[in-house]
Every structure is written in C-alpha cells, then in structure tokens.
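Below is the structure I would like to discuss, written out as structure tokens.
To keep things simple, chains are lettered A, B, C, D, E and F as they appear, and every chain counts its residues starting from 1.
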Amino acid sequence: MTIKAHEKLLLTGAAGGLGQALRERLKANCATLRLSDRVSLGDAGSQEEIMLADLADAAAVDAMVQGVDAIVHLGGVSVEGPFGPILQANILGLYNLYEAARKHGVKRVVFASSNHVTGFYRQSETINADAPARPDGMYGLSKAFGEDLSRFYFDRYGIETACVRIGSSFPEPKDRRMLATWLSFDDLHRLITACLTTPVLGHSIVFGMSDNAVTWWDNSRARHIGYVARDSSDIFRDAVYARTSAPDLTDPAVQFQGGGFVKAGPFAD
Amino acid sequence: MTIKAHEKLLLTGAAGGLGQALRERLKANCATLRLSDRVSLGDAGSQEEIMLADLADAAAVDAMVQGVDAIVHLGGVSVEGPFGPILQANILGLYNLYEAARKHGVKRVVFASSNHVTGFYRQSETINADAPARPDGMYGLSKAFGEDLSRFYFDRYGIETACVRIGSSFPEPKDRRMLATWLSFDDLHRLITACLTTPVLGHSIVFGMSDNAVTWWDNSRARHIGYVARDSSDIFRDAVYARTSAPDLTDPAVQFQGGGFVKAGPFAD
Amino acid sequence: MTIKAHEKLLLTGAAGGLGQALRERLKANCATLRLSDRVSLGDAGSQEEIMLADLADAAAVDAMVQGVDAIVHLGGVSVEGPFGPILQANILGLYNLYEAARKHGVKRVVFASSNHVTGFYRQSETINADAPARPDGMYGLSKAFGEDLSRFYFDRYGIETACVRIGSSFPEPKDRRMLATWLSFDDLHRLITACLTTPVLGHSIVFGMSDNAVTWWDNSRARHIGYVARDSSDIFRDAVYARTSAPDLTDPAVQFQGGGFVKAGPFAD
Amino acid sequence: MTIKAHEKLLLTGAAGGLGQALRERLKANCATLRLSDRVSLGDAGSQEEIMLADLADAAAVDAMVQGVDAIVHLGGVSVEGPFGPILQANILGLYNLYEAARKHGVKRVVFASSNHVTGFYRQSETINADAPARPDGMYGLSKAFGEDLSRFYFDRYGIETACVRIGSSFPEPKDRRMLATWLSFDDLHRLITACLTTPVLGHSIVFGMSDNAVTWWDNSRARHIGYVARDSSDIFRDAVYARTSAPDLTDPAVQFQGGGFVKAGPFAD
Amino acid sequence: MTIKAHEKLLLTGAAGGLGQALRERLKANCATLRLSDRVSLGDAGSQEEIMLADLADAAAVDAMVQGVDAIVHLGGVSVEGPFGPILQANILGLYNLYEAARKHGVKRVVFASSNHVTGFYRQSETINADAPARPDGMYGLSKAFGEDLSRFYFDRYGIETACVRIGSSFPEPKDRRMLATWLSFDDLHRLITACLTTPVLGHSIVFGMSDNAVTWWDNSRARHIGYVARDSSDIFRDAVYARTSAPDLTDPAVQFQGGGFVKAGPFAD
Amino acid sequence: MTIKAHEKLLLTGAAGGLGQALRERLKANCATLRLSDRVSLGDAGSQEEIMLADLADAAAVDAMVQGVDAIVHLGGVSVEGPFGPILQANILGLYNLYEAARKHGVKRVVFASSNHVTGFYRQSETINADAPARPDGMYGLSKAFGEDLSRFYFDRYGIETACVRIGSSFPEPKDRRMLATWLSFDDLHRLITACLTTPVLGHSIVFGMSDNAVTWWDNSRARHIGYVARDSSDIFRDAVYARTSAPDLTDPAVQFQGGGFVKAGPFAD
C-alpha cells in the first residue's frame, strides 16, 4: 500500500514516456494529481487536474505550481540536442519552477535528473553522489545545473529536493548497457514514493536504477530515502546478449557511462 | 541454533527493558548467565546466577565480574538526564567495569553504546563508525566516553569490545523516526551473539538496527562481526504513518538523528 | 620574468575591475592582447587589439574568439542579481564562448569562476576542489554551470580550462572575511600566468587566493598548475581588525563562506 | 543459463584443485575449452583441447595462448614456498602469458590472484580493492606482482583483466577463518563467468568469496562485474564451531587475514 | 602586534608550567587577565585579577567564569595518573566549566587538549583531526571526553571551542620524540591568539606543534584558525641526537605517538 | 651538519649516476661507507670499502650485506628495457638483498624506487603514496615489486624501508616535464639522510622531488621522515621554456607522469 502523503501533487512532463507511466501510479500518492505538460494531455481522469504550461513562461509556471504540496518534475527536454531549447526548458524553466515553489511555499520536489550528469565516467568505475559532475552533453549539463540550483533552494530556502538520476526507464532493457542502467516503471514509482514520503529528505542525489547485477552507481548516500528496488534487469540478460553483439571497447559509447550521448552533437541551434 | 560460546556470561542492567528482553535469549549463548543490576532481579531461574551491584562501587563491580568469560554491559543510565548520576554510573561505573575485566582476565565485552553518540548528525546524512562523535547530551557523551575507554583497554590490554550503538529497541517502532532506528529484540540478540562468537572482534563500533529501508547508518566497518538482521521496521510503516502526522522540518528533533534528545535539558543536578 | 607563451591572448571583461588590473599585466604573457567587453575600452594601446562583443551574441563572440591562442575569460555578470542578465551573459554567453573556442581550435581557457560556487560552506570548514557545489545565489550558480560546461568541453573536445574560483580581488582586504579570501592583483596575475604556461592543465579548479594565514580552501588538487602566491592579507590584519567590529556569529553572512551574497535577493527580474 | 561468450577459452592450471572444479563448469562459457598445465591432464574430453606448457617457457606459453579469445589463468605455484619456483612460474610465467596475449590479440584475462596479496591486514578490518598491498609471503607477493603487471598491460595495451583475489575455494570451509574466506566452486564459476561476460571489465580487482556473514572484504569497486554470490559459508557455521576450538588471539595466524601463511617460511630455495 | 580582542580573559591552570609561560604573554590579548588555579598564584600584577577555584566545585567554577568574555582552559590534571583525580578535575571539572560558560554567555573557549587523545597511533603515521580517538591512558581519555563535551556545547548552545592538542611545550625538546611534538611557548601563544581572534572558530581540533621537520600531525582541517608557527625544533636536532641514543623500535614508547604514556599505569587510585 | 647515524653504511649501485653523486655526500652519514656495484668502482677512498657483487648472485649479495647497519640501495637496472635483466637484478636481486638483510639483522633500508611505479597517472593529477600502482613499463613494475617486497619484510620481520620514488635526479632539469619531477643531488642526499635518521621510519613511500612549483606528488604521508627540500627547479624554468617548444597534448609522453617511458618498448629480451 502506498501512503497518500500529499493532498495535491504536481506531475510535470506528464505527456512524455515516463509521465505516462506515472500518471496512473502516482494517484496512489495523493488525493489530487495535477498534470502538466506543454502539449495536450487529453481529458482529466478521476483524481486528475490538468494545467498546461510552457516551462519558459514564468507566469504559466507560477500558476501551475500554485496550490500543490509537492512536485514531481519530469518536464523539459529529455534527450541530447541543440542548446537553445534546453536553455529555455531545462535552465530557465527550472528557475521558474523553483521560484514558483519558493513563492507558494512548496517544500518538496522530486527532480528528474539524469545519469548523463556523470556520463563521462567509465563503465568500469563505480561512482556515488559526491563524484564531481562530468556531463556528456548539453542535456546532462542542464541536469547538473538543476542539481546545483535545487541545492541552492535548499540551503537558502529549505526546499527539499531529491535529484533522481534516472538511468534507462523503459519497459525492458534494450541493449547491454541498459542491463546496468535499467529502471523499471514500478521501481521508478517506488523511488519517487520513497522521496515523497521519507520523513527528512534534505537535498539528495539518488541514482534511479533497479536491482541490476551489473551497476556503476552507489546509492549509499541516499539511505535515508529508503528506496528498495524490487525489479532487476537480470531476467532480460540472456535475451539481450542473444540479440546483441559483443561491444567494441574502442567506442566511446561503450567506454563511458553515458553511452551514445557521449558522441552526440555538436548540434546547430 | 545459537552457539554456546561461553561458560559464564555476565549481563548487566538486567532489570531494564533490554535486560529483560535478553534474559531468556542469552541463555542460549552460555552455560550460566550471571545477571546483575542495581535493583532487584527476582529469583534466579535455571542457568541463572544473580549478583546485584552498583556500578559506581568498585568492589561490587569487581565481584560481579570475577569468574565470567564475557560481558554484555547494558547497565547504567540509559536516558538523558542530570550529569551527576551519569557520571557515577556511566563514566566511573564503566571505568570500574573495565578495571575489573582487566584484573580478572575477561577478554570480550559487548558494550551498549547508543545512537546518541552521534545524535547531532542530520537525518539526511549517512554516517559510519569513523564519523567523529557528535553527542546530543550528557547521556550520549557518556557513551562516547565508553567507546574511547574501551578503545584504550583494547590498545593497551587486548580486551576486545563491540560498542553497539543501539538505535531504538522496542517491541515495535513508535514513530516515524524509529522506522529508521528500530532494532527488534531478536535482531538485538542476533547482533550480540555475533559479537560474542565472531573469531576476531577487535575494537569495533556497530550500529544496532534491523534491516530497515530508511536508515542513516552504514555498518560496513563491522563486516567482520557477521551480523545479519532478519527483522525490519517496514512492516510497521503504514501503521506508523497512519497514526502520526507529517514532521515539522524546522524542529531540531526532526532535523537531527538524536530526535527528542537533542532538545532535552539542561537539567539541574 | 613572465614567459610570453601565447601569440594572441584574448581578455574578456576587460572593462571591469579585474580586467583593468590585468590589462597591463597580461601584456607580458603574449605578443598581442585582444581586449573585449560589452562597453567601451578606450583606444587600443601598444600590443593591444580591441573587439567589443555582447556575450549573448553568438556571432560577435565567434568573431571575438577567432584568431587567438588562449582566452582569459572575466566577462559577464560578476555580482549577485536578477537571473535574466546572468542567464544571458554567464550561461548562454559561456556556451557561445566555448562553441567559438571549439570551432576555432582554441585549446586553453582561464575561466573566472568564483568562491560563490561554494558559498554555502561554513567559514569554519576547509574545502577542496572536489567538494560538491553549494552556490549561494544565481551568480554562484552560473559559475557552477561554467565549471561543468568547461568540464564537458575538456572531456569531449580536449579544451583545457582552469576554473579560477576568485576570492576577493581588490587592492586590499576590506573586512575580516576578506582576510581569508583576499587575492592581490599581482597574485591574480601569477595564478593566471601559471594556468597559461603549465605544460599540462587538464580541467582544473583552483581557488584564487593569496598566501593568507586564515583560509578555507585547499588547492592541493591544483599542484600541477604551479601557482605560488607571494602576497598575503596578513599585513592588513591589524588595520582591518582596528576598523571593524567583532562579527555576529548568528549572521549567515558571517557563518558562511559566501559572506553577504548568501543573504542577497531574491531579485525581481 | 550461462552465456557462451567465447569461441575458444584457455584454462591454465587445469590439473590443480580449482582447475579440476572448473574443467566441466567452464564448458558452458565457450565452444572449445583449451586446457593447460605442466602435468598430465588425461585425455581431452568433449569440447576440450589440451596443450601442456611450462609457464617459464616463453615459446610454450606463446603456443598455448595462440588462437584463444580469453584466458582463465589459474596456473603457477598456488601456495607459500621457496622463492625460486614462484619466480619462475608466477613472475616470469605471468610475463610470458601477457606477452603472448599481447602478440596474439587476446583482450580479456581472468587472473587468479589471492587474498594473500593483502594477508597482513587484520581480521577485524574491512578492506577494498584500493587498499595498498600487504603480502604475507612470497606467494602473495607474486600475486601482487601479477596485479600490477596486468594493470600495465591494460594501461598500455588495453588488455582487460579481472584479478580475482580468491579466498578459500574448497568443497566446504575447514576452519573458523574459512567461514569468512570461503568461496564455493559454483560461486567461483559464477564470478569467472561474470568477469568473462560483463560488457566492460577494465582492470579490476575483485575478492572471490561467497555470501558469507562474516567477511573482511568489500567488493564495491567491482560492481560493474555483476557478480552475485548464491552460496554462503553460514550453513557450515555450527559444524565448524563444534569441531574447532576458540582461536588464540595472540597467534598471528588468527590476527591477520592471511591465516597460517603469515607464519610460513622462511624457506631455503 | 597582538590584537586585544577581549575585555576580560580567563586563564585557568595559571600556576602550571604552561600557565606561567602564558601569564605575561596573554596580557597582550585582553584588557584584564583573570587568573585561576587551585593553588596560590601570588599577588595580582598589572592587568591581572586572581580567583582561585577547584574545578570540581561547581559554585567556585561558576564564580570564576562570571564576567569574562573568553576562556583559555589549561586547568586540571595534566599528566597520566590515577583515575580519581582525573575524573574530578578533567571530567566533572570540565562539565562545570562549560555549564558556567553556558549560563554566563561565554562564547569562546580555548581548551588545552592533548596529543595523548591519539597516543596509540604509530610514530610512522600522519593523522588529522578526524582520526578516531585512541587515547593512551586515563589522562588522554579525559581529554577525548573534553573534546566531545565541547562539541556538544557547540552543537547545542553555539559555544565555540578550539581543542588544542598540545604536543610537548617546553623551553626546548628533551628527546628525539619531542623533535616531532615540540611546541615553543611563543608558538603556543601564537596559536592561542589565533584561536581567540579568528572571526569564525566553530568547534575545531588543532594540533599544537611548532614548524618541526618531523611531524605526525596534519592541521589542514584548522586552516580557518590561521595559526602560523614561527619556531622549529630543528635547531635543537643535532644536540638532541648527540645526547640521546638510537631508539629501540620494539619499545611501545618508541612505536606509538604517546611515548612513555602508553606504558604508564595501571595506577591504584 | 649531518648526523653520523651509522657505523657502516652500504651504498649499492655506486657506479651509476646517482651513486657517484652520493659517494662523497654519504660519508657524512657514517663512519665507513661500503660501496658496491657490478662494475668497477676504482680504488677505495678514505672512509670507503668496496665490495663488488652481482645482485642476482645470492652469495655475493649476502657477503655484501654482512656487517653493515643500513643500506642505501640504488643498484639494479635503472631504465626501461628488456624484462630479462630487470628480472635478474631488480626482482631476484632485491629478494637476495632483503634475505641478506634478514639474516644479518640489518634493520633499515633506503630503497631507490621510482616515479615510474605510478607513471600511468596523468600530469594533471596529484597522487599520494596510497594511490594504487600504475607502472609504465617493466622497470616501473620491478620497482612496484620492490615496494611490496619491502612491505612484507617490514610486516613480517620488522625491517624498516623508505621507498624513495625518485623523480628526475640530474644536475638540472632537461625539459618541461622535469620542472615537475626534478630532484637536486643535494635534496636527494637530504632525503636519504632524513630516511636514515628519523627515529621511526616504518615502511614508507616518499616521492623524491625538490621544492618545485609544479608538482604531481603529495608527500603528506611521509611527514614523519622530516624531509625538507631546499632546492627548486623554478630557477631553471625560463631557460627550459626558452629552449623547448610547447608540448603536444595528444602525446602520451606528455599526458602521463611517466613521460617517454610510457611509450618505450616492447623490447625483445
């Protein structure tokens, strides 16, 4: 049983892949789930409220945030690409979100950060939340910015944030790298629930992964969150190996944790 | 099956809450269990021997220790309060106990230390046994003293001690903080058993907690003890949340690991 | 004697306080010094070339960077203030600068970062370059962004950067906090020279401070830069104490390394 | 199901205790298993190929390595003894092996290192792969040499190696020390399989142990290997305690992780 | 020139060796120097005030503390010996001192701790302020208690303390060990002055040593204090070597940092 | 004045470059200096004794060691080359040396190790003595072996060793890399003297460098040795820059600390 810890919970980026996966699941966490995105979210279902907003629009973001007790922020650009849109949605947009949270007294945020904040570490290294950022592109860089910005809002204004460095959250792992980075939708929901309900969250960085045998990430600094993964990529291992070939160890996409992102771009804006 | 590793085991503080919980359980660890406290312990049962003693009385403590192979020391003041009684029982008393152990050749002690040795760390931090002491009161300070004193008796005289920083050992967790700090009576017994039977104990600090999802403590420096928790506070989680309200994050009792102790006192002696 | 290691060196922010202090000094480091700012820099002197540019204007920045071998980047907003101008000059502007460096093959940058990247550490703590960012405002946050962005351009494109976390670079320390943070103009020049001439710079973070007795920063991870301070705030100590009163330890501006910045804002854009 | 990741796998030291335990098991990992030792290995069974070689004979080692895709190297002296044979088999022999791997393009090696590389740490300490070597004799020293040599072949030539510091791999633990160090044959096979199949191995040191309650070793730097132990010494614990007496804590063989090895020798060559 | 930072400064233990050395020197730090000890201090000189007190007497200590702005606490037992007097003066006495400071609003204390807090580290080790206590006797243990107690008064009540782990403060080093541990009287005064005047002290541990070539202690966590040693034991080195013989490396007094203290006792009370 | 701490000191490798530099200097450290090498050393001068020996010849080494109180071991192969001679002189030879020391009760050795033990760290990294070995060739590997072997002889037999990782000891630095690695002959002598005379040496690793501005090495774990450099490469800096061109950052010899060694070989034996 999940605890309905919040009266009104805001989910941004609700139209995206993870947003869709969480739309039903998060209803267990609140009385009302406010959904937001830049694009259409269809009709509001039971327990739902819909408020579209462009993250770069401060007034729209302010309205979106008003009246909620907590925020699960998946909104913004979620893949590597030109800097312009990332600047608008992930940098200016995040500033708008935290300013709104500050003004309206929202005290807890779950921020979808990314493993691409540390994508330039090697796949043979294990890192924890204190490893300095080594972003693998503009997207990862914007997420590093978000982690630092939320740290400021905690140190200065006491707004608690969990920066969830999501690995690869898909129905199942698609390749050998994802055997390490996979996060099932149910584990994603468990992790967000833990972030929303743990008594004291502080400002925390937590890697979003299932209980995979191979991993590069150490969540020992996030024990106070109480996340316990129940899924694992291991059941997909033989099938993934059977349909993929041995990796080329001279390929940066294989050497580094960020995978293909470390080779993306540069993009013209 | 527990191993009867000792011929005669001394349990101090046998009249207290944990003492009562261990009185039956520890009989599995020894041929004879010598029970001690300052107050009456009733009649000696099977396998039992009773020797009352005030810890501040060196002669009484010497007699209490004579003839045993190992000690489980729960005795002394176990809550925050005026310094006078703590000085007598927990500081002078502990000195008396180790002097007696030294004189009588007792080589292994399980010392009930406390999470209040490090009560001024935050509930959003994870600490291990090497984190400098940050006691949250006179009680925690006396336990820090005990840890240092037992370190000396190990370095100088080879007496091995496990300092067990007990979290909250009750039949079940009473509030949200205890979901992190809870130690079931059975896990307490498992932990003490591990300390008594591991081949080499050295001088070790180990946090006494069950296998709780939320935790602030890292026992990785105590792997040689071989403690494996089998209970967890998680089964009580929904009930605790249902009967308690959301914590006030501006309250020091919520911010710090020591809970209410960080606000106790000052006490007049 | 300083080594003229570069043919053409670009100095941005040349109209600001530090820019003015470096305008003459940096001529020792290069054949030609290209000066840039958003505002007038007067006539070009000997060894000088002037190219005004707004950092948010990608084309202007591209032209400014073309033809130089190395960059000393002081440009942008240098104090706490509204986010809008910081976003333009320090975030978009820095992206423009590194994109131009990438396109034109500039391989070494000295980036004026700031102690405000870590302004929310306490004045009783010593931190090194690996301490996670704790920015004390939008300005510090933008400098944290710059450090991460330059890390990316090193990991991906091999552009070396020294992120110089400048303390307080003024003719002399103005208050007790600056006794710890002071960086003389000559030491600033020594530090930049070391960054420009050390054989291998990599991506490095170095705290910009003179040889002050009181300090909060540990430059041990920047030994390969070879910076040796020759000035010290200590000669100003008695005078500063004489004209200032004892600090109020309950004031965040005294508790935290960032000083007054930790209390600035929020600003309306 | 184990993944047949290799076409032809070389197993050296196939006549030894662990070699015999792995001879059948490793057939699941490859199409053909090439077996080697200095002494007779009987007739080749199905999937098998046999090539005897003395490790100190460079030409024989070269022939032994030619044509394989990966190597599981158990060969050489495996107990403490005179330095001469260790020098020949474990030092010169290992050099010969890696030179052959370099010449023939073999890119992955599983090297049987030993807990005796760190045998002079105490049984009350937990160490990880970064703890400086403290070999407990000539055998442990030769394994430390092998770890450093394989590090060089990785840094210079990109040959990946897992240095598996095998604890005590026997059908069951023989004494109280082995309760900590035991590695079942099946877990040994699981560990080698993980080393052979993880996408990126790099140069890694991993302690070879089952999931024992008491342990002195922390494998957190080898998470990318994906080894999950399924056996445990714990089921043998009561029996081992029943047939052995309490250890003498003044005996170096009890104090140090290397056990009896720390007292062996000196040997005349 | 030393800064007269305090109006009325209390020096306890003023009759002891270090007390005498500081009696004149500390007048430069304050308008009035209040001197205290258990034994006679002679007549009050210029700038002086005398208040005798037994540290175990809470009322006397309260009176002694009333009216001062800061405390330099050298009082108590300063050598290894029976536990009784140490318990009274160094444990109960320190509690009395901090209670008095709390009641009277004294906000800064320089506490004479000792290298004997960590006397059981080896002379071939370098430790810093975070190394866990390893006291070498009852005296060192009482100083460890004092460090923890003052940590509590800082965390709970904001009273700042510098715990100065004094090495060997004598006119000159007496033996080879003291070449490492020597602290000249002038450097002792410089260190206390730094503790009294640094803007933010927090709760700090600092090793009290001159600028000796051989040392075992790392003061990098105390950089915010701004202590700069100007003396060195090195000028005494040849003379000390000439009059002493080579140390016996099997002697615990040579192996451990605490020197002869590690062999003292046990004492009958 | 250097202290004549030893009666008879053995210097091996006396015919080499450093051996020649030390032959006169070390006479200040002892009554008699025994010189050894494989090749002729000319006639014995005052205070000198000469005993030629091939390090691979155990009997000759035994004779060479008999009767001395301490050893400065520079002998063996000192550059990268084929493995055969390195195996004989640096591996077997070192074993012979320590066996002789053990048999004859020699208790202190200064072992000339090398920066090539860690040659595969980057020139933009700072490492200390605990950084895992990353040898850059067979020579560096043999020195890593020597460090581990001497650790064993300390842990098992109490023979103290200083492993001096000599940087570049020449009359003056030859290129830009040597500005970081340079060790003057006088500083080399100061360092060896410190190793020979410090009261407790233990088993220590110390980087042999002068007080150069640019450095990659942190000697903080060797403070108990008391080495203070008095020379610096800085006076040669401008001249070195003037006669050398800017380094190519894509060249491994520039990227890694080992310089050209990281590209040497492979060698046919």
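We adopt the following convention: a contact is a pair of C-beta atoms (placed from the backbone, for glycine too) under 8 Å apart; a residue touches a chain by one contact, two chains touch by 3 or more.
Per UniProt, the chains are A, B, C, D, E, F = Uronate dehydrogenase.
Owing to the predicted nature of the structure, the values given are computational and were not obtained by experimental measurement.
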Would you pick out the chains that touch subunit B (Uronate dehydrogenase) and also touch subunit D (Uronate dehydrogenase)?
A
Say we pretend subunit A (Uronate dehydrogenase) isn't there, which chains still hang together?
one piece
If more than half of the interface residue numbers appear on both sides, call it same; otherwise different. Which is it for subunit A (Uronate dehydrogenase) and subunit D (Uronate dehydrogenase)?
different
Between 0 and 180 degrees, and as a multiple of 5, what angle does the rotation take that fits subunit A (Uronate dehydrogenase) onto subunit C (Uronate dehydrogenase) by Cα atoms?
180
Where the CA atoms of subunit B (Uronate dehydrogenase) average out and where those of subunit C (Uronate dehydrogenase) average out, how many Å apart are those spots?
52
Taking each chain's centre as its mean C-alpha position, how far apart are subunit A (Uronate dehydrogenase) and subunit B (Uronate dehydrogenase) in Å?
40
Considering subunit E (Uronate dehydrogenase) alone, which of its residues make contact with at least two other chains?
none
Touch relationships between chains, expressed as pairs
A-B, A-C, A-D, B-D, B-E, C-E, C-F, D-F, E-F
Considering the complex alone, what residue numbers of subunit F (Uronate dehydrogenase) touch subunit D (Uronate dehydrogenase)?
83, 87, 91-92, 95, 99, 102, 120, 130, 132-138, 140-141, 144-145, 148-149, 151-152, 155-156, 262, 266
Which part of subunit E (Uronate dehydrogenase) faces subunit C (Uronate dehydrogenase) closely enough to touch in the complex?
1, 3, 5, 107, 158, 160, 194, 197-204, 220-228
As the complex stands, subunit C (Uronate dehydrogenase) meets subunit E (Uronate dehydrogenase) at residues 122-126, 176-177, 179-180, 212-218, 237-238, 241, 246-247, 249-250, 254-255
